[in-house]
Every structure is written in C-alpha cells, then in structure tokens.
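Next come two complexes, and both contain chain A; in the first it sits with chain B, in the second with chain C.
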Partner chain A sequence: MYKKLLKDDLENFIFILKKFGVVHAPVREAGRVYEFTELTDSKILQLNYTRTMIPPKKFFLKPKEQLYILNRREGFKEIVDDSKIVLLGVHACDINALNLLDRIYIDQFPDRYYKTRRENTIIIGVSCKPDEYCFCTSTNSSYALEGFDLFMHEIDDSYIIRIGSLKGFQIVCESENLLAEASSNDIKEFKRAEAERLKEFTLHLNVNGIQDILDASYDHPVWQENADICFGCGSCNLVCPTCRCYDTADFLNLDLKTGVRVRRWDSCMLKQHGLVAGGLNFRPTRVERLYNRFNCKMSLSEDSLNCVGCGRCTVYCPADINFVEVLKQVGED
Partner chain B sequence: MKEPASENKPKIGVFSLTGCAGDQLMILNLEDTLIELLSKFEIKSFQEASSYSENIRLDIAFVEGSVSTEHDLEKLKEIRDKSSLLVAIGDCAVNGCVQAMRNSQTSIAERMLDVYGVEDNIYRALEPKGIGEYVRVDFEIPGCPVEKEEVFNTLISLLNGDPPLIPDYPVCVECKLNGYPCVIIEEGKPCLGPIITAGCDARCPSLGLDCVGCRGPIKGETNAKAELEALRKRGYPDKYIINRLRFFAGNFPDIRILGERKNSKGEK
Partner chain C sequence: MTVKNPLTPMEAEIIRVEEMTSIEKLFYLKLTDPQIIGEFHYNPGQFLEVSVPGVGEAPISICDAQREPGQLQLCIRKVGRVTNAIHRLKEGDRLWIRGPYGNGFPMKLMENHNLLLIAGGLGIAPLRSVLQHALLYRTNYGLITVMYGVRCYSMMLFREEFIRLFREGDKLNVKFLLAYEDESDTKCYQLACERSDRCMRGLVTRLIEAATITPDNTYAVICGPPVMYKFVVRELTQRGFTPTQIYMTMERRMKCGVGKCGHCITGSSNSIKYVCKDGPVFTYWDALKTKGLM
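Up next is the complex of A and B:
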C-alpha cells in the first residue's frame, strides 16, 4: 500500500503528526549546521537537507544524560525519559544506522533508556540526494527497508509514502483526508526518481573483502601518515551514526551520600578509551587508535557493515582526513 | 547531620606562587556551597580567604601559580614536604601558563633589561614553569582560571577517597556533545579546540568564538603540528599561529619548539 501526499498538504500533515508526539525535524539557523530540533514552525523545516552534523541517534543514546539518582541508603533510582517524539525527515542511511544500534541496545545488551525512547519515537524517513561525501550505495544502506514508521519519497509536487509499521498505519488512518492512493503513474514516477537518485552518486567504495584487506594492511604507511595529521579529537566518532561507545561517571553531592550517575558518548580516538584498571592502555598511540577505528567501521555487525556511508566523519574532521580516500589508498597500493 | 570532629577532617591549605590568584578566587566563587563544602575540611592556610595561617602537616595542599622565582621554588618544596597530597590548580601551576609564552625565545637577562632596565637578575627569576617540573604532583586541575565545578568535584572526590575526574580529551568532544557547529570547519576560525583540554563545556565555541586554549593542551596527546597545519591551510600565517599556541602553552614540548630561537643569547 503506497500513499501520496501533496507537498502543499505537508503543513497539515505535520499538524496531525503533532498528535503522536513532539515533532523534531532538520532545521538550520543562519550560520549553523543542520540539526534535528523541535519543529516549532513548519516554515523552518528543511526536508531537502544534506546531513545533520549530529545524527538522529542522539534521541535514543543521548550525548550526555543522567542515568540514576544514587542514594547510599535507598539505592538508586533510574531516570527514564518517556516523552513521545516524532522524528520527521530521517535519511535512509541514518535509519539503517539505527537498525544497527537496535541490535546492540535492544537485542544483545538491552538498554532500558535506549529501548524506551525507541519505542516512544515515531520515525518518518525522507528520500534524499547525495552530495560528494555520500557513499551509502557502497555500504548497502541507501534504501531503508525497515526501522521506520513511514517513509516519504519525493516526486515532483508530492511524496510517495511507504508504511513501515502499525504506528505508521495509524498515522495514515488519521491523515485520511490528506493522503491519496498512489496511482500507477505515481509509482512510475517513484521508480524513476529512485533510479535517477542512484545515478547521482559520485563517490564509491569497493567494500568487497575489505575486512581482510585491512587486516593484512596493519603496516601500511597510510596509517602513520594520517595519524600525523590527526588530532585524536574524537569528532569522527561523535558525529558517526553507528558509533555506540559510552563512558559513565558518578558525581557525588556534598553529603557524600547522594549523587548522580551520568553517561556520555565516548570515542575510541581518545586516549582514555583504551585505559583499563591498573593503568594499562591497550591502544596507547594515535596510530593504533586510527587503525582500530577504520577496522571497526569496516567490520561486520551480523551481516551489515558498521558504516552506513553518510560521509559525516569526513565532512566534520578538523584535520580533513578523508575516510573513503584512506580506505582506497589501503585497498589500492 | 553531625559534622565529624575537627581532628577527623582533612587538613588542607591553599597556596599561591606566581600568578593572578584567580584560582583561589574561583574557589571562593563557589558561593552557594562554599561554607558547607569548606566546613568538611580544616583550613590551615588560604591567603585569599583569611590572614590566618598555621604551619603544620597537611593532608592536601592546593597550589596555584607558576614557579617563576627561586623564592617560589623554596616555598613549593616546603609545601610538598609537609603535604600528603599535592594538587596543582590552574594553568600556571600545571604548565606555566601565560608567563611561559616567551620561554625559549628570550633570556631572563633580556627580560630584566626590557622591564627593569638592568640585566642583573635581582629578583632571582627563573624561566616560568609548572610545579610538576620540580616536585611530584598528585593531581592537576587545568584552566585559566579553573572551573569552579571542577574544584567542587575534586574536593568531593578527594573527600570520598576517589581520584578526581579531570577530562583528558579535547574541547571538540564538548562541541559535539552539545551540537555546536565547528568554528574551524564552518567559519575557518583559528580554534585551538582540537588540542585543548576539555572541561569548560566548550564555552567559547558555544558563543561562536574560537578556543584560545586557556585550559592548556592535553599532556601526552597534543598534536601541535596538526594544529599548525590545519590553520595554515585556512590561511593563517605561521607567526600568528605560533604566538597563539604559545600564549597559554609555551612550556609544552611540541609547542615550545615552535618559534624557538636557535641561539638564546643572540640579538634582541
């Protein structure tokens, strides 16, 4: 079942979405990067954005958050945020990245905070056009098959809408007056738009056997060359939609009896990431950390890469290290 | 709750070498919690707070300021000898801070001549350095000045018997956690954030300003050459970048060698 929404009706559609939760969408204020923020006015919505600096994983695994209130006498109390949110305008790469995080934070190591927020959030995808940093076709993440409630594909003056969940279906029912059945001509347009989009990708990376290639290239000079210009600042990890390491710390109050446990995103490019009890660091140098990061991104999590080809690590690297370029150098020489 | 008897409270002292006393002031700026916080300690010396001072053995000594004179050095050694734990507070004590910006570029004699008109080292001045150059330091709280929250958390941690948690990652991390746009990438500003110790919650980038490096580089981690390269690429002249790097971090090995004068006794 494919539906069609006229762009002219988008504002009304957003009005309906608000019944399901607080709508957050890509917005860019003057001089700033695109970011998912609360959509207070649909006029500021920018559905044709390139990429947000911080991926939508920030809604599920928060950049920094309080986990528990600690109390020596009464034990600890979890702080669970169960607010209802609608994320409008999530790209396919980011949805595929969330599917990957789901396997870890819901299936493998259930995390109550992540799971609660995932269950309370409606995800509405939107189709996109690649820029020179996008390579999601190479990582098999340019199209979302699951992990969303609705997915909107732009064609001319409207969107073709795919339904991905029961909640998505409920939204469709609520928006009956705004949505039409997609006609066979609309479907033809949808197919054409998708084929056109694929042709627009200019960046490609051959990931065939890349795990072995990297494994066998520990000594490749490219690692040291890039470690020499790398700050080890962690920006690449912190903007990555699939990076999922975090660090926790306890902060006590003055009474030394109560306090709070916090966690924040961590980065394997930072020195303390490899620091373990006793003072041993299993990745003491920047070159080891850099090599590890590239390996991690190109390794498999079940059957998908730990990279969705969004291009953020290259775009937001202050040292201008080009992720795809480094991998090509390793693969080709 | 009953306060512990005074003999059970850790005895602490707050001391100052060469600096602006801004770190002592930041402790006093903990206004909301100050009385309750300090009542958990027995304060034996805290010049900026009280003229009272008692010269006895301490559990924890907090030292701000750099070692810039022989007198500083003597005072520091005495503090070290009588204290179980020594905590450096502020960039001056950690790394020499702004006093060190011309280290390895001009000699003490030249500085004397410039400022006092005589070459003789009448004040027994030393090239300004952090206290760790001379004595063992147990913990360091960076900052110019220190963040009062960090002082608070350090005192609480020590009281609880934990090592204090001081960031050993750069300001970039805090920009990303807060979603602040990168002022280097988006605006080509000469931000030092990639090599500077976090803990300020990226205060300057939050206002769209570039980091000037007031918390100092991360020890053992800083890639000063990469910073030089990144800013060169954005059109900044070497002299500007090197001066900027040296401003708070002249003693940092990677930065000290930038702009170092080959012959330190050469022309002025």
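Up next is the complex of A and C:
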C-alpha cells in the first residue's frame, strides 16, 4: 500500500485534506524560524523546512488551556475541545516524540484532553533532510513506523506515501484521482533516497549506556560550567517535543464566584519547579535543575530515551548550551 | 460513552473539623455522590489531590484507614495558598478531591511482621493510616512500635488518641514512644516522669538509641521532614535493618498525581521515579538507587 502523489497535485491534495479538519502546516515566520500554523493559503506552505521552533506537542498539550469552568459552590465542569485538525508536514522525530508523549498521556491514567485531541488530529508526516543540529539517527527516531496517518517521502517531483492508519486509508480513498500505486521503480527510488538521507547526518551521539554514565557523572564539572552560563529561562523545555511538564492554576472572575482552571506549560529549569509548600525546594540550584533535565531527557523509562534528537534545545538556547556537546563531554571524560 | 477524566475532582462534604494545633486541623470528609462512594477505596499511604475551586489544588495524604465507604480523614497543616483556604472551611462546606493516588504501604507484605513506625511532626499523618490499618486487622500484625517526635506538647497531633496509646497501648500490643524537643515543655515532662522509657527529650532518633530494637521479622516505616530520613535510616541500618526492610514516604509538589505534570520526577537517568505514581512509598533500597529521592 504505497502510493504516489505528484507535487503538482499537492494543492488539490490539501483541498481534500480540508474535509478532514483544519489544515495546519509549517510556515516560515521569520528567517529560519518555522511554525505550524493554519494553512490559509497553500502558497505559504514550506514542506522542506528544517524544524519548527515550537514542536507539534502544542496541538495536544496546549501552551495554555482551560480544563474546567469552576464555580466555588458547584465545583468543576469539564471543557471539551473537539475540534478536528490535520497536521501536514510533521517530521519523523516529532512523530516519534508524540509517540513518547502518548506513553505518558495515554498509556496510564489517560489524559482526557490530550487523548481527545490526539484522536481528532490527523498526522501527515513528511521526510526531511538533516542539518548540523539533527541527531535523530542516534536516538533511533529518524524514521517513523507508527503514530501517523500518512507519511510522504519526497522523491524528486513526487511523494511516495505510506499509509499508517485507517484514517489515512480513508484519505487515500478520498484522493483516489490524485494518487497512483507506487511502482517498483518508485520503491527503488524511495530506498535510494532514504539511504542517501542517512549519509547526510553529521552529528552523532553515542547513547549506549548513557543512563549509567549520567548517573555516575553527577560530580562532573561540565554541569557547573554549563549551569554558570545557563540563563535558567526554560526555552529548552518550551521547544522540546518531549518536554511535557505542566502546572495548573485557578482563576476567578470578577464576581469571585466563577472562574476557570487552567493548565499551562511548566519548565523544570525554573526555580519554583521543585518547590513545595513551606518553602523547601528539592532542586534549589541551577546545576541541579540542569542535571535533572539532561537525566530526564535520557530516560523516559528503563527501556526508552526521552529525546528524539531534533536539536531544538541547542538551536534555541540563548546561552548556546549545546545538548549533544554536554553529553559527549560527560561521556568522554 | 463518557470516559472518566482523572483530573476531575469529586465533591465531598466536610462532616467534622477538629482543631489539633495552631496550624493543623483534622477534616472528616464524605463524598457526596452515592455512585462514586462504592468505587472509592484507599490504602494506607495513598494521597489525594484536594481542590478549593478558585484557589487551586494540593496533594494531601490520607491519615486514616478506610472503614466507612466514601469517608476519609485529612490532617492538614496551613502552609500554602490552598491549605490556608481549606482551613477557612467549616462543617457542612464542600471540598473537591480526586484520587486516591500512589502506591501506598505494602500492608499485605508486612503482615505477620512487627511494625516499627517512626514519624516526625506532620509525618505522623500518613503513618496513622498504617497504624489504624494494623489495629483494624490486629491479628495480622505482630508488635507495633510507634516512635513519634514532636516539638512540644501543643504541636502533638492526634493528642488524645496517642496519649491513650502511650498509656494503654500494651493491651493492644502497641508500644507508643514519644520524643519532644522543647526543654520547657511541662506536659511532655510529666509524660516522661510517668514512663521514662517511653517519653524522652530529644529528637526521634533518641528513641531508637534508647530502645532495644532488632530487625528480626520487622518492617520499619518512616515519615517526617526530609532532613529526618538520613538520621533515622543511619540508626536503623546500624542495628541491622536491610534496605528493603525500611519503607519511607516522600513529599514532592505533585500537581497532577497521575504521572504527567513532571513536578515529582526524581532520580538520575538510570532510575527515574515519579513520587506520585511509583511512590510516594519507597524502600530505602529505592532511595539508594535513585539519586535525590531521599
């Protein structure tokens, strides 16, 4: 079930996608900064982008979202958002990041808000070319095997499309006139393109045994050196596709009776993250918070990293802390 | 079909409030929705997320063993925004709760063993649920020794209940020991005069030093201010307790209780633990493996 879409037909294909939800896709914001925004005009679509600043997690775990309408006497009434969205042009690393988020937000105590949005969102992946910050081959996330509905691999003037779900299959059925069966020659081209892409990666990180290496390197000077230059701003958390800490807060309206319960992204690099009532802080210093973040990224659970090698934390760090470089230093001496 | 939303708080009525100290109150709660009551079960050591709408939510450990369906007790110190708001509530007012969360104490595993419960200050609250459970199923457990460290008599929680145990615990095969810090505390001094082997001035570790405790067939359970753990653990390991014989319950800023919000993550990458769902009860062995847990 591999299909082929000519680039000339992309606009018509997007027209069909709109039947399935509001299409959001990477658009150039400024310079090299791309964002997933609503695709109002297919001319602004940038399918060969490097990376968006904010990862697609923002569609599932919103930067700020209302969870409940609250009433001081009556309690909480759930706010349900059932909007349908099509995310076009998601890279393999970001799809793999969503798969990691699923493990947290769906596998145990499923989060209603996240799960509903995940079910209401169609994800169409697109192949990419690495830049000097990408290291997804090291984190085993350079190729998406699941977590998408369709995946488009760019081959010259066309896309080879993989179908990842029943919903994806429905889109393919709707787009029958635009899609052709991929020929054996197309598949050959697809394999060639994938092999070539792998050769383009220049950044590599050895993650073999990194969990123990980090545990044993608590006293490594590299933590303090980087904590000294770190602004503690939390940008790395905001741009990370697998960072998912949140905080909740209640806001009352002026009537002091009704209000909303809101959740918003939080950051483990901020001082109040480890604070408990009474003033005790379990991670009082920046170096402890930095160490914690690197450890958290290198372990979701015993069997999985919590990093997909997208390079965002390095690209957007205002202090130029290089994620891979820090881990290499810890690992090498 | 509506899927249950784990973040949705359930309404509970405050059926009684007891002032325990100047900063701590005991709240008796009862869930109002009869449909939920039947499904609501909790174990010693589990905690709830307690909401005051418009103010926020805070994690609070349950301080009793479940007897009546849908009822529970919370011992709450006013220390933050939410707990201050809870302290303003009266009998008949409503609170919203969700949970119970966390693993709780392994009451089954500890059956047929002696229990050594060591608490400092507010740390007695979760341990009281262990004590109550063991008393409720008294024949399933051996000797229960409680070591409770307080600053002074007026800061002692569950005072009447514990003084009764202090005096008459032997009938139930319970040894209740008290340590107090304040030198000028006459009431505690009187207790010390009454039973000098059961009430002493000093920190809770003083009680361990003075008592003849052996690790044979015993589980130790600790809860107190973070600084307390390492001293208590040291005393216990010196007396031959193995790291898996020591249980402790931990505090963090658990915002969600369901392993999502990330605030209670601790440890380095070869052992990442969520205090809310992997804990809050851990063994000392977990603490040895997990950096920063203790």
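Quick note on the criterion: the second predicted complex is superposed on the first by the 327 of 333 C-alpha atoms of A that agree within 3 Å, B and C clash if a C-alpha of one lies under 4 Å from a C-alpha of the other, contacts with A are read in each partner's own complex, and residues count from 1 in each chain.
We take it that a contact is a pair of C-beta atoms (placed from the backbone, for glycine too) under 8 Å apart; a residue touches a chain by one contact, two chains touch by 3 or more.
Remember, predicted model here, so these are calculated numbers, not experimental data.
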Point to revise | Contacts of A:215 with chain B and chain C, given as first, second, both or neither | key: second
Exercise for review: Answer with first, second, both or neither: which of chain B and chain C does A:105 touch in the superposed model?
Suggested key: second
Exercise for review: Using the touch criterion from the header, give the chain among chain B and chain C with more contacted residues in chain A.
Suggested key: C
Review point. Which holds for A:329: it touches chain B only (first), chain C only (second), both, or neither?
Key: neither
Review point. Which of the two partners, first being chain B and second being chain C, lies in contact with A:224: first, second, both, or neither?
Key: neither
Check your understanding: Thinking of the overlay built on chain A, is A:120 touched by chain B (first), by chain C (second), by both, or by neither?
Key -> neither
Practice item. Applying the touch criterion given at the start, work out whether A:246 contacts chain B, chain C, both or neither, answering first, second, both or neither. Key: second
Point to revise | Partner chain in contact with A:67 - chain B first, chain C second, else both or neither | key: second
Practice item. Classify the contacts of A:296 with the two partner chains as first (chain B alone), second (chain C alone), both, or neither. Key: second
Review point. Common interface residues of chain A with chain B and chain C?
Key: 249, 251-252, 256
Check your understanding: Across the complex, what residues on chain A touch chain C?
Key -> 67-68, 70-73, 75-76, 78, 104-105, 108-112, 115, 210-212, 214-215, 218, 244-252, 256, 259, 261, 266, 268, 273-278, 280, 282-283, 288, 291-292, 294-296, 298-301
**Study point:** Of chain C, residues touching chain A in the complex
**Key:** 3, 5-9, 11, 51, 53-58, 79-83, 94, 96, 226, 251-253, 255-256, 258-263, 265-272, 277, 291-292
Revision key, fill the gap. Seen from chain B, its contact residues with chain A in the complex are 1, 33, 36-37, 40, 153, 156-157, 159-160, 165, 168-170, 172-173, 176-179, 181-182, 184-187, 191, 193-195, 208, 218, 220-221, 223, 225-227, 229-230, 233
Study note, to complete from the structure: The residues of chain A that touch chain B in their complex are 31-33, 35, 53-54, 58, 63-64, 228-235, 238-239, 249, 251-256, 264-265, 267, 270-272, 286, 315-316, 318-320
